[in-house]
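What follows is a group of structures, each given as structure tokens.
Common to both upcoming complexes is chain A, partnered first by chain B, then by chain C.
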Partner chain A sequence: MLQAGSNSAVAVWAILRKECRSEWRTRYGLNAALLFAVTALTAVSFSAGRLGDRQDLLASFFWIVLLFATLSSISHAFVREVEGHTLLMLRLVASPTQIALGKLLFNLLFLGVIELVTVPLFMVLMGAPAPHWGTFLTILLLGTLSLAASSTLVSAMIAQTRGRGALFAGVSLPVLLPVLAAAVGGTRGQWQSHDVTGEIKLLAAYAVALLAVSLLLYDHLWEE
Partner chain B sequence: MTGAAVGVRPVMLEAKGVTHLYGRRIGLQSIDFRVESPGVYAVTGPNGSGKSTLLRTIVGLLRPTSGTLSVQVDGRPLDGDSRRARIGLASPELSFYEEFSAAENLRFAAEVRGLPDPKAAVHDALAEVGLSERAQDMVSGFSSGMKQRLRLAFAVLHRPALLLLDEPGSHLDDAGRSIVRSVVERWRGNALVLVATNDPEEMKLATGRIELRGRRLGDTA
Partner chain C sequence: MLWRILLFIWISAAMIAAFTWAPLVPVLEQTTRIVYFHVPAAWVTMVALGWSMLHSILYLWKRDLKHDDQAAAAAELGLLFCIVATISGAMWAKAMWGAYWNWDPRETSIFFVLLLYSAYLSLRGSIEGDEKRARLSAIYSILAGVAAPFLIYVVPRMYDTLHPDPIINTRGKVDMDSAIVICFMAMLVGFTFLFFWMQSLKVRATRLERLRQIHV
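And now, the complex of A and B:
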């Protein structure tokens, strides 16, 4: 049992490193995500000015930028393997759960890197008020976890289907809406010094539920 | 054999009424056979008879729609994880990461498999298929023949007890076909080898045959 767990950890770690190396060499997602984040923030900053007193708008804009900057890349986690015909190689060396966990960890890391650039830039360009850092980072962490888990799961589900682009949007919408609603509500609330315990609990529960469902589903995703 | 010696492990492969359907289309129609190691068996049959489907079912990528397919090594049946560890497959559908070199691709596979010395395993596998000098070249620059050699290296990388070669001579020149023969000869005494082929030269490598027939390309259930 311990040996199996150790082998799985080794496999997941190797897949994570492969994803990082592949992204570094190809820049499939990083450049596009950063370009979107920077141009969106700059364009809105130029046209609408600083929105420090509009925390409702700030919160929605913050999560929209994060969502769109990262989604185009992390939603392709498995599609790239299918279109590059490398999924067979992966499946011959690792279980679907190991593959998906490696991809999920990479997506989390990817989101983290994008946030490292986007959050400070957002604060400066939008003139956002100083957040309550503990609450803000908790919401950011849980929202990131839910975004990565849901995108990885949906990406794995639709990777081998026809019309996967349309399917991703259709399947993702109901999965992502609760995350976005809670994340936007929580982010706005912490700026307005409201109690956001409800939003944090919802995000935490949703993240745990998504991870649990993912772990149950991954091994059955590609059964033929 | 280059590198570490392969431990000879008794392998038994048995199919009882194995059928696989892709939706309504027949991929593999009720087959029965039992083969044991050591030995080389040719899996033959017309196009669409299910040669590749059979190999994919053996390695665990496909599930039989009906019937049972049992793989035993040392008398123990293999499940999903142990099948991956004990079976090697070279298939024409197998592709590698174009942004990585041949050695990096194999190193990745060796690391995911948890091999104790990935570097040595990669070195031995590339040497076995004559790709040592191109180890650091990106796969994107490989010819189709070199990619086929890399598939063979991938299949033997972890010293499997059951080696499955699907049309191993495809895309290969004479030198490449000679490498296929030498790989099969090297593994003949150490593993159970199944070669899916209709090439008369490759069939000569086999000591036995599993013949798939009874259906035609595209038949529906």
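And now, the complex of A and C:
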């Protein structure tokens, strides 16, 4: 049992390293995602101007930019495997759950890098007041976890459909709406110095629920 | 055959009673009557959602395509009833609240269900192969099943609603006359049976279609 557990951990770790390496080789996905995130941010900032005194709008724009950056980029981790005809080989060496967990970790890392660029840029461009860092980062982390968990599962399915990337945003959105609602509410609340425990609890519960159901469903992703 | 005629008579009788016998509620006036159509439609939307998800779980467990037929048919019918509930609700909102759409928590919930059904059906449409389509749509349906309670129950409860719900909310603002309750319950039962009848028709049609494809 312990042996099996450590074996899967090794496999997940190997998948994560392989993902990072193949991403780093071309950096095509990361560059496209960063460019898109900055484009979305520029469009918002350029059209709305500085919104330092409108924390309600700031919170909405903040999460819309992050949501768009996620929806435009995350699906490529699986689509790349299908288009490069490498998925079959990957499945020979690892179980579906191991592959999906590796991709999930990679997607988390990927979103982290995007946020590292987008969040400071957002604060500067939009003239946002200083957030309550602890609360703000908790909300950001939980929101990112939910975004990554949902996108990993959905993109693994989308990669097997006819349109591939085309459906990803539409199919993801219903699953991401609770995240959007709670994260926007929480981000707005912390800027206005309200109590946001409710929103954080909701985000945490949703992230846990998504991760749990993902772990149950990963095994059914590929069969033939 | 007999019970279909009975269902027709049942719904017609309930409809006539709803317009002639049941009294109006003071504030709502003529718009009271929406309760006999809008609420049963919303109810069937939720029943269909549950039915579809139940059969998605059963499919992943048993791997029998008949469960996928059930899940797909329920989703299509659910979308139909969801559109009925949304449009009738928007018309009522225009009459009572002054705007067709206001992102009231109830409107948010129903809109979410609408999105969910559409996403599920577009996903189905883009997958080739019966087994694969059944498997992937079942996965999505279960994932959506995790999101649904959050958006239908948790998120709307975080905000105040103006929606009258005398059924769920027993301390409700609207006191219901017993004639209204009888008509309403009759319509609820009628709509539920209507859904399951349409469901069985759709499932049989799908099964025949599959047989035809095998023989051609």
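Here, the second predicted complex is superposed on the first by the 210 of 224 C-alpha atoms of A that agree within 3 Å, B and C clash if a C-alpha of one lies under 4 Å from a C-alpha of the other, contacts with A are read in each partner's own complex, and residues count from 1 in each chain.
Everything below uses one rule, namely that contacts are C-beta pairs under 8 Å (C-beta built on N, C-alpha and C of every residue); 3 or more make two chains touch, one makes a residue touch a chain.
Small disclaimer: the values here were computed from a predicted structure and weren't measured.
Under the clash rule set out above, the superposition-derived model of chain A with chain B and chain C shows the two partners fitting side by side. Looking at the shared chain after the overlay, A:Ser45 reaches neither chain B nor chain C.
By the document's definition of touching, neither partner reaches A:Ser72: not chain B, not chain C.
Between chain B and chain C, C touches the greater number of residues of chain A. Using the contact criterion defined above for the overlaid structures, shared-chain residue A:Glu223 touches chain B and also reaches chain C. By the touch criterion stated above, A:Ile15 is placed in contact with chain B alone, chain C being left untouched. By the touch criterion stated above, A:Met89 is placed in contact with chain B alone, chain C being left untouched. Look at A:Asn7: by the touch rule set out above, it reaches chain B but stays clear of chain C.
In the superposition on chain A, A:Leu153 makes contact with chain C only, while chain B stays out of contact range.
The superposed three-chain arrangement places the nearest Cα atoms of chain B and chain C 5 Å from each other. When the two complexes are superposed on chain A, the residues of chain A that touch both chain B and chain C are 223-224. Listing the residues of chain C that touch chain A in their complex gives 60, 112, 115-116, 118-119, 122-123, 126-128, 131-132, 135-136, 138-140, 142-144, 146-147, 150-151, 154-155, 158.
For chain A in complex with chain C, the residues that touch the partner chain are 150, 153-154, 157, 160-163, 167, 170-171, 173-175, 177-178, 181-182, 185, 198, 202, 205-206, 209-210, 213-214, 216-217, 220-221, 223-224. Across the complex, chain B meets chain A through its residues 22, 59, 61-63, 80-81, 84, 89, 91, 93-100, 104-105, 108-109, 111-114, 154. By the touch criterion given at the top, residues 4, 7, 10-11, 14-15, 17-18, 21-22, 25-26, 84-86, 88-89, 91-95, 98, 223-224 of chain A touch chain B in their complex.
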